[in-house]
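Two complexes follow with chain A in common, the first pairing it with chain B and the second with chain C.
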Partner chain A sequence: MTKVRKKIYKRRISRSFGGDMVMVLVLTVFGLFMAMPFVYAIMQSLKPMEEIFAFPPRFFVMHPTLENYYMLTQAIGGTWVPVGRYALNSIIVLIISTAGHIIIAAMGAFPLAKMRFKGNRAISNFITYSLLFTAPVTAFPQYIIMAKCGMINTYYALILPSLAAPIGIFLLKNFMVQIPDSLLEAARIDGATNFQMLWKIAVPNVRPAILTLLIFTTQSVWNGANTGFIYSEQLKTLPTMLNQLAASGMARAGVAAAVAVVVMLVPIAIFIVSQSRIIETMAYSGIKE
Partner chain B sequence: MHYRRGKGIETMHQAAYKYALSKGKRRDTRDAYLMLLPFLLLFSFFIVLPILSSIFLGFTYFDMIQMPQFLGVKNYVRMFLDDDVFLKALSNTVVFAVITGPIGYMSCFIFAWLINELPPRVRSVLTFIFYVPTISGSIYIMWTYIFSGDSYGLINGVLRNLGLINKPIQFLTDPKYVLSVIMLVQIWMSLGTAFLSFIAGLQNVDKQLYEAGAIDGIRNRWQELFYITLPSMGPQLQFGAVMQIGASFSVSQIAIALAGFPSTDNAATTIVTHIMDVGNLRYEMGYASAISVFLFAIMLFTNFLLRNILRAVTKDD
Partner chain C sequence: MRQVKRRSYESKKKWLGFTFIIPWLVGCTTFFVRPFLMTLYYSLCDVKVLDEGVSMKFVGLKNYIHAFTGDNEFLPKFTESMNNTLFQVPLILMFSLFIAVILNQKFRGRVFFRTVYFLPVIIASGVVISLIRGDAFSQQLLSGERSSMMFQAVSMEQLLLKSGIINEKVVNYMFYVINNIFDLLWKSGVQILIFIAGLKTIPPALYEVAKIEGANAWETFWMVTFKMLSPIIVVNVVYTIIDSFNDYLNPIIMYISQTSRSLNIQFASAMAWMYFLVVLIITGTVLAVISKRAFSYTD
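And now, the complex of A and B:
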């Protein structure tokens, strides 16, 4: 650790004090702008009824209360399907989709980044282009195809489309390209198979990208990527249910803000864990030959 | 196999080597396809097939009930000659993408780069603050309360308290303001995928390069940026570019949440909201598909341009 510290200080020598001050100022100003709606959502969720409807509205809460959260728990307690079922659905879908997406993407990204074979270029291009095709239009054929296979309103519909998403393979491929060939050649001379090179060299070397992908995937799954294929209440996920509650009226502003805050808790937790891991990995300093 | 006398042994060695090599090559090819197989199966089924069917439907009339009828390029002609809303949507989308795309992309890089200069603990807090708009799929709804023209509107409240206005400004319905408001929110939300991948990419740069650079006489952070950081981030910049193009040409959710659907005088109609209108509300799936193919072509072209610019900046292959 001390060695790392020293390194950082050594790097800082080339920094001017003025430059540092400008940087801190810029980051503070923009940071406030970025955080404002998030903070406002928290403020709204803590406001008692009369403050929500106060005119003119205030940004800050004067008399914070947990009233809205209490009302939310009341509403959750009264749902037809027990809340545990929604939570279980969310956990199952979140874990399988995320783990599956990352494993499949890592496996596919390695040959695209580091192996020569026929069709490599074509497949890579197709993946890139598919990211540019508008989702609302493909949603319809996608629905038809899944309906033909009897997948609508099953767990498959919630999970499989996330596994097929091209973003993971595109991200990991672009990171794996940077792994020095010499590293792989050395492994090959030591008798490593292609699969060993994938799991023992390529994947550990792109850890920051894998952790970043973890954030993207959990977030899109949690925020309801495939919920359009589900209509029975027993298969819905927790955020879907909460958003339904928020949309259903009853003292909207306050409870809706409470829902927005509660729904964000899981992605925020995952974000914090993976980001701190990314910064830890950085301690052994980037990709090296 | 034929070899000449006298050189026989050598050639046999060579032949054996070549054989081993080709066997290794064949094994590589087999392994490559094996590794790609799970992805390719799912990808073809859930992504490629729907895209190809949309492209096909773009040449038909299809109301989702009867079989599609072949129309040739009529849908594409209709876009330009017989659909004023589409032309409005096209111009909105282009204005949008031209402004928010580059600003969003550059701020992704600049903020990732600035944040990366900070000590680890501050860095994680700031990364969180800048990424927070993207974390929840719906937190941008708060902007409607901020800009709203009714009694909930925060900005109008502040302006009124300061005595600057005596009746609220209709930020979300007045065509004069609505596009700029959506752009602001779009830029606010653009520090998402590309931003995080830049943060991760900056961790991946070999730190020894900076030390070597310092020895070679790199004096300030600008030189470091242009001689070391940017050239080592080619792949991440390419990734960010594709994601940014996708985001800035397909603005829809934010526009609908802020300006309503449809928006006043179509001031906030974008190509994607028009696609939703035509396809999901009017059931003209063929025409909606044609519009999306056209949008796809625009994005491909932009991607092609950007790719070449980035290659020049990063000196990548």
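And now, the complex of A and C:
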């Protein structure tokens, strides 16, 4: 049985060389446009000063140099709060926000998707529409509320709002709805508690969604949606600090490009790691029914 | 006797459901709903931000009326945003589904290509875009008004123009024709990822069945992939609608945040609420129409 299955599976995935080429070609054509700004930032970061300000501007670098990166390390060495402190802040905020957001979202999504109770539909609709709340105007009242809670200029201001973002619960609920009820019933008959059903059945079954959510969360936390609520230097995150460095004047245009490249590296790394894990786990075990 | 027992189990279940959701509900209420309701109050008031705090005076619908009578930017920007979104949403969805299906195949370098297609999301948010924009600002000092648009908003077109990879006239013409397509590609990163996650949860057994039954690729796509993916398509439709309406490149959003930054809180709030209500009605209607058609195991 397993042998037959393996054979069918193999036949399905192995396609002609020509088919592969067409696919890669299509992806490359669109991919060029997707990658353009990233490549542009790298090019800018490798340009010496006179090339950056050349008119008309050129896309490709003529005389690549690491001067901008060197200047960046110099500038980092010159900050009065050691760079390790910024990195530590980033790590603390990133880990707590991401883990917390995923746990809270998974917990909230499970009963909404798989339990029947009064108010379920109302809360589900409320979540969908609360996605609309991220309008720019809420920043001002948000600041006032945080100030009242005494959270301005603490880690809480960075962490707590991202824990409660509606995107996670929205995404996970819609994925969990698709888990067959029979799977959960089997678990219940075997004596699983609701908590066990959530972590042992529901969460592993929506693993691709969890990893996707991981990418979204780290991405938005790293890019610092809430950095306006922090003014003390010791509590700022690494991207915020780098941004400050880069923002200080025209002479640092090259450094700014170097910073952009450095700041992008972390989300890209997280993306690659989590995407390759999606493939590993789901290609063989992601059977729903 | 039996009924009483049953009811108590039901109510236990109800509370259990609630306890799981409460952490999120509390957080969301504090950080999103309350600020949002506060803006409703602001929109009905005359708000002054002073050194010692915020002073408010109730003025009724004055700010709302002002949007239609006293302000000549609100309505054109509002309709432009509406047009943008209605045009964009179907194209973004089709493109991202197309790319996601391709990226879901097994071939060498798929993680590389997935990363490439997610790059715009990483770039278009937060620090990086402000750095690229900041860079544009310093260029602007040298080249006059050319990049002044760039300072407000970044799109593919402006990046291409600015990078000088091709002649400006060619770029202008190219983008006159297909301008929006490239911005659309750029906005599909999140949708592609959500679709890939959805495709991953389709049981491989269904494809085997389709194959054994002799379905060709076209039929397999519509009968298996599309059908099994339909709940995720609903998710993506909602996400795309909301995302396009709230996109910072939308003229009305730019106008609202500009007004808000200049501390004209009451007028920004009034505009945001009118926009919110319209978007709410549109999203609700679309959701009501399409979610019934989505596949679900419980049917």
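In this section, the second predicted complex is superposed on the first by the 258 of 289 C-alpha atoms of A that agree within 3 Å, B and C clash if a C-alpha of one lies under 4 Å from a C-alpha of the other, contacts with A are read in each partner's own complex, and residues count from 1 in each chain.
To be clear about the criterion, a residue touches a chain if its C-beta (ideal position, glycine included) is under 8 Å from a C-beta of that chain, and two chains touch if they have at least 3 such contacts.
If you're wondering where the values come from, they're calculated on a predicted model, not measured in any experiment.
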| item | value |
| --- | --- |
| When chain B and chain C are modelled together on chain A, clash or fit | clash |
| Partner chain(s) touched by A:242 [first = chain B, second = chain C, both, neither] | second |
| Which of chain B and chain C A:181 touches, first, second, both or neither | second |
| First (chain B), second (chain C), both or neither touched by A:63 | neither |
| Which of chain B and chain C A:212 touches, first, second, both or neither | both |
| Contacts of A:148 with chain B and chain C, given as first, second, both or neither | neither |
| Overlap of chain C and chain B interfaces on chain A (superposed complexes) | 8, 15, 23, 26-27, 30-31, 33-38, 40-41, 44, 53, 55-59, 104-105, 107-108, 110-112, 115-118, 120, 123, 128-142, 145, 160-161, 163-166, 169-171, 174-175, 177-178, 194, 198, 206, 208-209, 211-212, 215-216, 219, 223-224, 243, 253, 256-257, 260, 263-264, 267-268, 271-272, 275-276, 278-279, 282, 286-289 |
| Chain A residues within the chain C interface of the complex | 5, 8-9, 12-13, 15, 20, 23-24, 26-27, 30-31, 33-38, 40-41, 44, 53, 55-59, 104-105, 107-108, 110-112, 115-120, 123, 128-142, 144-145, 160-161, 163-166, 169-171, 174-175, 177-178, 180-181, 194, 198, 205-206, 208-209, 211-212, 215-216, 219-220, 222-225, 239-240, 242-243, 246-247, 250, 253, 256-257, 259-260, 263-264, 267-268, 271-272, 275-276, 278-279, 282-283, 286-289 |
| Partner chain A, residues of chain B touching it in the complex | 25, 27-29, 31-33, 35-36, 38-40, 42-43, 45-51, 53-54, 57, 64, 111, 114-115, 117, 119-120, 123-124, 126-143, 145-146, 151-154, 156-158, 160-161, 188, 191, 193, 196-197, 199-201, 203-208, 210-211, 214, 218-221, 224, 232, 235-236, 238-239, 242-243, 245-246, 250, 252, 272, 275-276, 279-280, 285, 288-289, 292, 295-296, 299-300, 303 |
| Chain A residues within the chain B interface of the complex | 7-8, 10-11, 14-16, 19, 23, 26-27, 30-31, 33-38, 40-41, 44, 53, 55-59, 104-105, 107-108, 110-112, 115-118, 120, 123, 126-142, 145, 160-161, 163-167, 169-171, 174-175, 177-178, 193-195, 198, 206, 208-209, 211-212, 215-216, 219, 223-224, 243, 253, 256-257, 260, 263-264, 267-268, 271-272, 275-276, 278-279, 281-282, 285-289 |
| Of chain C, residues touching chain A in the complex | 10, 13-14, 16-18, 20-21, 23-28, 30-36, 38-39, 42, 54, 99, 102-103, 105-111, 113-123, 125-128, 130-132, 134-135, 138-139, 141-143, 156, 159-160, 162-165, 182, 185-186, 189-190, 193-194, 196-198, 200-205, 207-208, 211, 231-232, 234-235, 238-239, 242, 245-246, 248, 253, 256-257, 260, 265, 268-269, 272, 275-276, 279-280, 283-284, 287, 296-298 |
